[in-house]
Structures are given as structure tokens and as C-alpha cells.
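Presented sequentially are two complexes of chain A, the first with chain B as partner and the second with chain C.
This part shows the complex of A and B:
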């Protein structure tokens, strides 16, 4: 996905926190460290800061980034064992996007290929499910997916819905959904009063 | 106290909800919006404070702690700006859609949820679209889905009274069923006054 300035998901993804190691003293950033008692952050302190801030400071080489725990060795083993059962959505709703952002600035060279491997393993099962599950209810396994995977899932499901709609030829003209349900009732009632 | 983008993220979440809720138009969150603007001002004030101290001890060899802090404040200003713009932009796209769905006049309960600048934008957008459509002599808002038949059968839901259809006056009484051209029916169906009748 392109890095679009107005992309809401991109903004929210950058709000995820990463743990970083300050290489130099920083004035006036004490707010970021809940354990700190004064206004500044000492050199060598380890603090959790949002990714948008970490990304910039890391490019300036003021800090080094520690990868979040959900990219560590244990989790990678779990994904190798059975990728589609791992609950990525709970750890980080923006697992892939965040990984993509971290990959160039983190010392770990294997992160990028690991993300690709992970998506490849999970994608197939997700696609099968998205075309076969009931169209109206939210399936249980949706909670296991990350935001990006849910988007893929919904896209597949929407195309299935569109196919069904075309197949059964429902009404094509509908009122604008923004008007909601209640106005329709009002319209009905007022017409009763008239007659 | 400046919160380094927490409020901004809240605003973006709100924008996401605005896009996601289909059955109503959420009101402009003036309160949160102003809080983010205020926070941005605070970050700017902090940034200036750091900047003024950098000049004082320019000579030192190591990285100036004021510079590290200043960069973070500067980033926060930019971050908040991005959140604010994204919020406004998300609502703008939704407002544009309103013009296509509901026509040039909005119902009162939707107008009430627009901020005053958004109302001005809607007016302007509406006028631009109308004048363009008048220029090319074609109503672009109809036939969003390709029609199969130029005529449709409709049932009246709202109270319309006498309406000029096909150059002659027809009285559309509630619950009566009519046969009319699709082009004329479409805007009224979108506004919820008619529905397509399938016998």
C-alpha cells in the first residue's frame, strides 16, 4: 500500500508503540517516560514511544529501535508450526504494515522475508474461508486476523456478495443509506395521517 | 500537557467511524478538534523554547540534548497537522458523496451535523457540479448503475402531491403505483420518497 498522507489506517498504524533505546540525552521529553521524575530523558534510557516519533528519531540516529515482542523468535516458531491459527490480530492489528515500516530501520535483516512468509502461509486459508462462509454473520476466526488481512477478507467477501446480487438480480435502485431507517418510518406515518 | 499525538489519534479513529457508519452522518467533533489544535500550539511553544537554548550553547561537540528534544517536538507538530487534515479530508469525501446521493438540498438533520465551513464547502461543491452538469447538459447523478429498462414501476412512500412528470402534472398519492421513466424516478428513490415496486 502506498504511503498516503491522508490514509487513516496508516496514521493509526504509526500510533503503535515501540520500545526504543535513547543514545543521547533529550531535553523536555520526560512526559514520554512514565517512570521518569524530571523533564528530560537520560542517555541510555529505554522508553516506549509511538512509531511515528521513533521512525524519525531513528533516521537521525538519536535512538535505536528494539523490535516489538511479536516479531521475536518464539512467535516465528509458532507461525512456522501453523500460521493460520496464530492470533496476530490480538498482538498488533497492523502486524504487516508496522513490520514493513520497521524492517529498513531495525538491525534484524530477516524481518522482511519473515513477514512475506507469514502472509503467504495465512493467505490461502483466509481466501478459502472468505468465499465459503455465510455472507451475513461475522465469522469467529475474524478476530485472529490483522487489519490488513481483514481488508483482504472483506474484499473477497464483497466480490462474492456482488456476484450473488448479480446472480439473483435484486432491486438496483435504493435509497441513500445515510438517511438511516427512522426517516422511512416517519414518511410512512405522515402518509397515514393524510389518509 | 502535550500528549504527543494521543488526541490526534483519537480524532483519526473518529474519522474512521464517520466513514464506517452508513446510516447517519456523524457531527463534527469541534471539541476534540480544538483540543488537538491547542496541543499543537503547545508543542510549538516547546519547540521554540528548545530552539532558543540551542543557540546558547552552540560550541559543544556531542549531540545537543535540546536538539533531540526539539526534533521530537517538531515531529509532533507535523503529526498533529496530519491527523487534523486527515480528519477534515475524510469528512470532505463523505460530504461530496452526499451531493451525489441526495442532490443539492440536504435534509435538516444532516445539515445540523455539518460544521459551518463544511456547509460552505457543500454549497460550493454543489454549485460547481450543477454548473458543470448544466454546461454539458447531462445529469450525471442519475444512472449510477446501468439500467436495463428505461421505465420502472414505483410505489409512492412519502407525500409528494402534484409533481411535474414528462411535461404533465401527475399526482403522486401515498401507496399508489406508477409507471415512469427511470431518470425521473431515480432522484426520488435516492431521497426515500419512492421505492421500486416489484409485482
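This part shows the complex of A and C:
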């Protein structure tokens, strides 16, 4: 399932908690539930566990997944109203990745299409903003974006910045960094010789 | 790199440039493409890149290689910086009217000359500019850079919101270089400059509004007659966005019975864009 074993974002995303519903009694797993008084988890208990654990347990049919609150009906309505103003970054910086991971194992069939819809709506707004935004100041809506969207936004802004730099550049001669270093090395040496 | 001792220091610089240029082209063999597309994971990305750009060489460059040993941390995201696209544009041919007598230049990229005073000859732009800077020739503006032609192109660009007018692939860079280096050889400089700026703005707005109609079902976008600078400007964002859409548009994830649909206007637009016509 994991796309890239060493991907930091992937690891961080898997640390996010999801609440799950245990279908069977689990002996010795009481450590997972901070509120538990016994060593065991009873059948039917609802516990918050990290996504990486939930994913495997769910594949073995030990648990059923309850979707996190940011995929619920109310949020979906908000996104349908005006997707680009919704503060996804605050709820979960890995909104899309987590959704993608949860979609095949959760009982909710509409999650996948909801994510696609959300991405489409927000993408349009981002395209406009990222290419026209002032290049120096950090824009206010950057806080509304998820991690993935910020990367996308920065890619667009950087290419626009590079283009503007080329267009408005002054001197056309560039000094190779090697030259500067060599000279400094010489200066260091000569001062050493003097002393 | 080699130095031809018979030529003066001017020509050393020129030869130097042509060798490094040839190396850049050789570094991106087309044969490597087939090897890469065999890997399924990268298939979609490469497909999309190829359709987005017009010259394969410009696109099939796996890692960024900085040309002059330049530190490239800030521009990591775009494959080519403006200066590099400009470098490629300098290979376009331009007609010069030399004012000196010189034998044929044998360069790696071809033979140019012989140069006779007042006899027009065609050379690469970088050679023309280098000679112009030393006062050895006058540059002649290409035909598309006339005021009549540019006015016509601008009108057509404004009239058709979906199509791009055929302009040279490197029109932004070539016009920029000519306006910078050979202002006194051009006719109606200010008019030409304004017109090109207008065309650039109109086209870029068109690109932007066209890309807004992207949806999950889009696997490729046909953008005909797009210029090099425009491609390199939108590539980092656009490739990433398409990758995201590809991830989310999995058959298993998205059920066919979608309740949410796009606004009718956008979807009509999208359909007309998705048709891939043969050239």
C-alpha cells in the first residue's frame, strides 16, 4: 500500500489517529486505550489507534473503521458550498492522502468521489491565486491549504517567480560560484603566509 | 572543449558556447525514453509530459542539470529556468547583414558564412548577437516580428479563446534578445515591444483559463502551438496537479454513480478540450 517507504510525509500521515470499532475481544491490547482499566479490549469498544495499525487490523477483519470527523456530512456540505474557503489545513494537513488510504477500507463508498470533487474545486481557485499572488508576501490563504496543496501552490509560485526574474533581470552575465570560492581560498592562503 | 588557435579570442568564446550546447542536446537521448516508459509507475507522467511539450528533447530530461555549475536551490521545482530556455532559443536561425569580410566558420553545429559585406546570410542567434555586440553586422528582424503580422496575431488571439496562433516556439525569448541587443536594427521598436507583451499576456491568460477546466477524467491536455516559455512556466504546477488527479481518479475509489457533478458550463468546456485530434 505504501507508495514510498522513506517518504516523510507518508510516515507522518500514518501517525494520524482514527477511531476504530473492535469486533472481537483483544487480549493484552489494553495499552492502546488510555482510558481502559484492564489489559484487554472488549468486543465492541471504540478506540483511537494510528492509521498504520488500523489499516492492517482492518485488512484482517478485526476492526471496522469509523471515518474521522473531517469527512463527515457537515464538512461535505461546507465544501459543496465553497470549497476554496474551507480550512482543510487546520483539520488535517494530510486530508487527501489519508482519505485515499481510508477509502478502500472504510464502509463509506462515496469517500473517493468526494475527495476528487473537493480536489477539483479547490484546484481551480488555487491555480488563479498562485499565479497572480504578490510574490514577496506570504498570502493569507496559505494557512487554509493542506500539505499537498501547499506544495502545489509553491511549485506554481516558484515558476512564476523564476520567470519574472528572467524577464526583469538586469545584468546578463552570471558569475560562476566556483570563481568566488577560489579567490577566497587564495585570500585565506595569502593571509596565512603573511602571518 | 577545444580551442581553435587560428581564430582570435572572440571565436574562442563562440566555439566554447557551441560545444556546451551540443553537449546539452546529447545528454538527452530519445532512446532513453523507451526504457523509462516500460516502468508502469512512471508511464502516466511521461505521457503527459510528452504531450504537454512540443519538443521531446526539452522535456525528457530526468534530473535538472545546471549549465554553468550554478547553484540551483531556489529554482528546484522548474526543470528549466528562464535563462536556460533562453539558451535553447539562441539556436534559432536569424538573418544578418555582415559588415566585414570573413571566411566560413566551421563550428560543431554547422558551417556558417562566408561573410561578405552587405550580403545577407543566416546564422544562429547567439552568433548573430555576438557579432552584433562587436559591431560586425546588423541583425534583420524575422518576418513574424513585423507590426502588421503581430497586430493580426493579437487580434486572432483575442477572437479565439480556445486556440493559440502559430508563433515561433521561442518567440518570447527571441524577441526579448533582439529587443535587448539589436534595438537600433528594428523598425517600430516600441510598437513591436508593446504588441509582443500584449500577445504574451493574452496567451498566458488563455493557458490559465484553459487549465481551470481540468478534471479527474483528464489524462492529457492538448495545447497546440504553445511556446517554450509558456510550457516551462506552467509545467511544475501542472504536472503535479495531473499526478494528483490521477491518484484520486482510481476506478476502485470513485464509484460510477456520482452525485456531485461539476457545473454544466465547465463540463461542456472540458469535453471540447479533451478531444485529441491528429495533427
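Please note the rule applied: the second predicted complex is superposed on the first by the 165 of 195 C-alpha atoms of A that agree within 3 Å, B and C clash if a C-alpha of one lies under 4 Å from a C-alpha of the other, contacts with A are read in each partner's own complex, and residues count from 1 in each chain.
Convention: a contact is a pair of C-beta atoms (placed from the backbone, for glycine too) under 8 Å apart; a residue touches a chain by one contact, two chains touch by 3 or more.
None of these values were measured; they are calculated from a predicted model.
In the superposition on chain A, contact is made by A:120 with chain C only, not with chain B.
After overlaying the two complexes on the shared chain, residue contacts for A:52 are found with chain B alone; chain C is out of touch.
Shared-chain residue A:27: touches chain B; no touch with chain C.
When the two complexes are overlaid on their common chain A, residue A:12 makes contact with chain B while staying clear of chain C. Of the two partner chains placed by superposition, A:77 touches none, neither chain B nor chain C.
Touch criterion not met for A:140: it reaches neither chain B nor chain C.
Legend: residue contacts after superposition of the two complexes on their common chain; A:38 is shown touching neither chain B nor chain C.
Contacts of A:60 after superposition on the shared chain: chain B is touched, whereas chain C is not.
Common to the chain B and chain C interfaces on chain A are residues 172, 174, 176-178.
Against chain B, the residues of chain A that register as touching in their complex are 5-9, 11-12, 14-15, 22, 24-29, 31-32, 40, 49-50, 52-53, 56-57, 60, 62, 171-181, 183-184, 187-188, 190-191, 194-195. Only residues 68-71, 74-78, 81-83, 85-86, 176, 180, 208, 211-212, 214-216, 229, 232-237, 240-241, 244-245, 247-250, 252-255, 258-260, 262 of chain C touch chain A when the two sit together in their complex. The part of chain B that touches chain A in the complex is made up of residues 1-5, 9, 12-13, 15-16, 19, 22-25, 46, 49-50, 53, 62-63, 65-66, 68-73, 75-76, 79, 82-83, 85-86, 89-90, 97-98, 101-102, 107, 110, 145, 147, 152, 157-159, 174-175, 182, 185-186, 189-193, 195-196, 198.
Within the complex, the chain A residues that touch chain C are 80, 96, 100, 103-104, 109-117, 119-120, 123-124, 127-128, 130-131, 148, 151-152, 154-156, 158-160, 162-163, 165-167, 169, 172, 174, 176-178.
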